[in-house]
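Okay, so chain A shows up in both of these, paired with chain B first and chain C after.
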Partner chain A sequence: MRILVSLKIVPDLDLLQNKEWTIINNLPVETGYVKKVINTYDESALELALKMADHCKEKSLDIELIALTIGKPYAGLFLKRLLALGYHKTYLVNSNLDLQFNPDAVATIIASFAKLYGPLDLIVMGMQSSDGDNAKTALLVAEELAWPCITGVTGFNYQSSKQISVNNISDQGLVKQTVHAPCMLTIGNAPGSILRVPTLKEIKSAQAKEVNHLTPEELNCKAEDPVMQSSAEIQELEAIDNHREGKIIKEATVDEKARLIYNNYLKGWLNK
Partner chain B sequence: MSLSKEQIVDNLVNMLSSSKVVTDPEVLKESSVDRYRRFEELHGVYTQPIPAAVVYVQNSSEVASVLKFARDNGINIVPRTGHTATEGGLETIVENSIVLDGSEMNQVIKIDSYNMQATCQCGTPLQVLEEQLREKGFTTGHSPQSKPLAQLGGLVATRSIGQFSTLYGGIEDMVVGLEAVFPNGEISRIKNVPRRAAGPDIRHVIIGNEGALCFITEVTVKIFKFMPENNILLGYTLDNMNTGFEILREIMVNGYKPSVARLYDREDGAYHFSHFANDKCVLILMAEGPQKVAEATAEAIEDIIKGYEECVKVDTPYIQNWFDNLNWDATDIAAERTEIIETKNMGNTTEISADWETINKIYEVCVERIRNEIPDMTMVGGHSSHSYINGTNLYFVHYYNVKDCEPEEEIVKYHYPIKKIIVEETIKAGGSMCHHHGVGKHRTQWIKEEYGSSFYILETLKKSFDPKGVMNRGTVFPG
Partner chain C sequence: MMEYKVIINACSPSFMSRVEEAASFIKTHRSVLNNKPGTDEAIIFYNDGTVKELVASGLPFQVISLVKVKRYQPELILNILKELEGNRPAEAYLFPGDFAGNELAVRFARRLNGSSMVTVEKIVLKTGRLFGLKKVYSGNLRGSFLLRKKPYCLSLARGMRKVEFAKSEGPQKTVMHDYSSLPDDLHLAEYLETPVPEINEKSLEKADFIIAVGRGAGSGKEISRLTNIARELGAELGVSRPVVMNAWAPLDRLIGASGAVVSPDICLALAVSGSPPFYYGIEGSKKIIAVNHDEHAPVTKAADLVIIEDYKKVIEALVKLIRRENDV
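Here is the complex of A and B:
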């Protein structure tokens, strides 16, 4: 089974101060100097794929894990880490294109990769990224490839050489199903999916493995293609008000504090 | 005859009140450890004796009553405030200990902006004091990573140090006076004066005692004008640590006082600065103070660094963003807990100091040995973050994947052997095995080697102030 995990390297937006959320001349918020991390949902996708690989290894089943990202050269450091963790091949599509708000372009590149470097049985990626936040890319890739796409996935595993068991959260709750390959999965809030850490020994063993570098052109995606042109411009930013009111309870004893909380708050709620 | 747990609790309740004596089993379990055993704790495993009670004292008289009761009945006392200790100093290694918690003694008593000093109760969170000071245009100059969580009593008890120490010094340079309670119930107050030469400086009996001699109830620290608008941040990448140590030495020896002076090795640099370090060491400096001083300091540092061709300057916003996110708060601790549980990747630190001649040798031998001798390592590296005229510190950072062992075996299999390598190599080279976390309970086996012939002085303090050995047994002094 061949699995492609598509990931995005994003700035750790938690490190941005409020004052830095500013736009000048409709340009995006400057995040070039902010530490980069693997997008959280993509990290879950990477770890769930590794868990499936662990399962396959235990059962002596063939599995090939491939990781793909589009971005700047520093993304290569993250791909080296994935090689140390057991990913068989990694690809970095070097691009200076403005793709932040252009899921069509990203989806076109990923779909082209799937066609040129396939056949693939499964493509997995996070449901959305912290900086683009459109939650469209996976659906567009699936459409381009004419594959089914399951969203809100919290876990998946090998069922047979052409079947995968999938758990996902839908409007009806948790759904467990078996799907035929090829298919597309987008990972949501998956418990137990923080990416594992490679040991120094694993890092050393992977040193000889190279990250494969590609250009969009090599994937038949030319910069001048209309789909590659970003038409989105930031017009304004508005802070979300996360303000929550708090009160300091000044009663002297724990009993008095508890009684006040019960009388003033809990009692009313419990009676509703 | 020793008292039973129930008798201890009854006595405490009679002495104080039931609301101040907590015996909730969950609280007691959590109070049997500190961050040293957090891998066990995260897995719900508690291997230390569970204390009889956690007592939340409100004033020095209550502290004195509890300490006298403990001394008269041979009950072990574990003093604490913010519960952020990292070296096992808060472990209750004796059955039916009393955890004496001063976190509710949390009032800022006085900010004296004319005499430039602030007085606080022991449970005042440093962040609370710092925020009150900053509103008035002042700062303590003390900024440990634990600032949002740590409280004044614990910071003084462990000889804490902050990120701006190269200018402001460690907590020992900031404390001008204190109040502490000894196990015989004696409440001792050391007055606040600019300097004294009336015999030995007895502040240092209390600062760094880690609860093994007394309970700190009140602290007065120096305050400084807060002028962040004058801060000048400088950052560089460079090829090796030895060059970085040479630069730090040159800056210090020539009399310049940056507040921040930090040198990261490649591994630690990759962890903090993956977006620009590019497999290099990273040097970060900050000049602060009055504008003219800050500018002159920054200019002089830049002149010094120009003499080192391998240094490449980093754009300031990279360093500013790092600087804006220095400290750990409760959210970071919660995230760390989840990560450890899911990945079994466990990280710790060990901090030492040595002179300029020795520091790089200690760095190299420790990193090499840990890489070769400890299994399942995922990262070993470190940084220097506090420099002095005669040397600097090293903050070793070590991460490993806990494999094939029970939670309670993690310390024995990984953490302790790593610490052993660092401590033994440091002492062998003439350095100090503890720079700013304190001895706790897991470096006491080397305390005599650390002190050499001066251990006599340390030992005599314990015999004099705590002859019955009821103060935090096994901390600083072997149990």
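Here is the complex of A and C:
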């Protein structure tokens, strides 16, 4: 079974202070100086695929894990880490295109990779990234490939050489289903899927492995192609004002602080 | 002004909440979404007879297409939608911001060669061009997007302030479609659905008092302790994403952009940093009281009362005080 996990390297937005979001005069926001991390939902996708590989290894079943990202050269360092963790092949599509708010272009590139480097049985990716927040890419890839797509996935496993068992959350409740490959899965909140850390031994043994480099053009994707244009085009950004007139209580005893919460808020509510 | 239709998944137990959200959005965007009087239209997918009763009791739509299906299954629903709407699409389709709405909006737009956006808070019409506004950068900023092609397929942001909607006056036109005998999509080999108990589904979104806990709680044991305290105080316990990811609390306790969006009278936020994705879930609270030892945490700017203290000490003192005051 061949599984592609598509991931995005994003700035760690948690490191930015509130005030750093207030000076917005241009597009896109400059986050180049912020430390980079794997997008949190993609991290879950990567770990869930590794869990499936663990299962297959135990049962001596064939599985190939492939990781793909689109972006700048620094993304290669993350792909190296994935090689150490057990991904068999990794691909970096080097691109200077501004893709943050262009899920259509990203989906076109991923779908094109799937066509040229397939056949694939499964594509797995996070439901959305933390910077673009588009939440569309996986759905567009599924449409481009005419594959079924399951959203809200919390876990999946090998069922047979052409079937995958999938757990997901839907509006109806928890769903357990078995699906025929090929299929697209998007990962939402999947408890217990924090990406594992490679051991020193794993890092050392992966040193000789290379990240494969591609360009959008090599995948037959040209920036000017109509399919590479976003159907919803970013125009401007504005700050969000969540400010409340918060009274800050610092210098008081713990009992006084508890009394303040009780008298001003909870007493009335509890006596309702 | 645009001709539009609402598409709702009524296989979900939260169907009426989603109707209310859609109705609120429509009411606040009447200048853009202006169907001819008496022609507000909804396409409702259902698999349970009780939906018919809800429809009969009054919905804010005058024209309703009731589509019976065996179950909610996106591949089948998309094919049915294409069959029903493909020949003469409306200018815009609105979907609630649930799992179904988000996936259908994007995929349906692609099939009709239109434009899509998910979690849209607002739409604006300027010189004949439609712009959708939504949160981006994990909720730190709001982006305005030009929707380039009709039909516009939009899923709506959740937690929109609900406004009273007028049930449709006069006769409703209901058109019935039955697709329940269609076989499952070919990719599906087996399917088992376990409904989430109603109590979980509604407890957070309907709660008046919520104790919200962040990763500062530090362990599953502490979350269990706080769950008991919340129960004693008559509150519901909600948690941030890191708490769920560490499996300290079940997923149905998650508050935030990818969890429950709540609007209680009081939200007591303990050890919560106040990152935008989490704040998205509690911003509808009437009063937010934050207890945090870090006076620089973002939540201190977005709360009504901020207590700088170790939350464990405060909650302990608070419980003692409440017991004493109420002679328990």
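Observations on the structure shown:
Basically, the second predicted complex is superposed on the first by the 220 of 272 C-alpha atoms of A that agree within 3 Å, B and C clash if a C-alpha of one lies under 4 Å from a C-alpha of the other, contacts with A are read in each partner's own complex, and residues count from 1 in each chain.
The working rule: a contact is a pair of C-beta atoms (placed from the backbone, for glycine too) under 8 Å apart; a residue touches a chain by one contact, two chains touch by 3 or more.
A quick note: this is a predicted structure, and the numbers were derived from the prediction, not measured.
Shared-chain residue A:195: touches chain B; no touch with chain C.
In the superposition on chain A, contact of A:212 is made with neither chain B nor chain C. Within the superposed three-chain model, A:163 lies in touch with chain C and out of touch with chain B [touch as defined at top]. Legend: residue contacts after superposition of the two complexes on their common chain; A:33 is shown touching chain B, with no touch to chain C. Legend: residue contacts after superposition of the two complexes on their common chain; A:151 is shown touching chain C, with no touch to chain B. Contacts of A:77 after superposition on the shared chain: chain B is touched, whereas chain C is not. Looking at the superposed arrangement, the partner reaching more residues of chain A, out of chain B and chain C, is C. In the overlay built on the shared chain, the residue A:255 is in contact with chain B and with chain C.
In the superposition on chain A, A:180 makes contact with chain C only, not with chain B.
In the superposition on chain A, the residues of chain A contacting both chain B and chain C are 16-17, 192-194, 254-255. Residues 17, 19, 270, 272-276, 278, 315, 317-318, 320-322, 324-325, 338-339, 342-343, 345, 371, 376-380, 399-401 of chain B touch chain A in their complex. On the side of chain A, the complex with chain C involves touching residues 13-14, 16-18, 21, 24, 29, 40, 44, 101, 127, 130-136, 139-140, 142-143, 147-149, 151-152, 154, 163, 169-180, 183, 188-194, 229-240, 242-250, 254-255, 257-262, 264-267, 269-270. Per the touch definition, chain A reaches chain B in the complex via residues 15-17, 30, 32-36, 74, 77, 192-201, 252-255. Residues 9, 11-14, 71-72, 74-75, 98-100, 102-103, 106-107, 109-111, 114-119, 131-132, 134-149, 185-196, 208-209, 233-234, 241, 244-247, 250-251, 254, 258-259, 265-266, 268, 273, 275-277, 279, 283, 287-290, 295, 298, 300-309, 313-314, 317-318, 320-322, 325-326 of chain C touch chain A in their complex.
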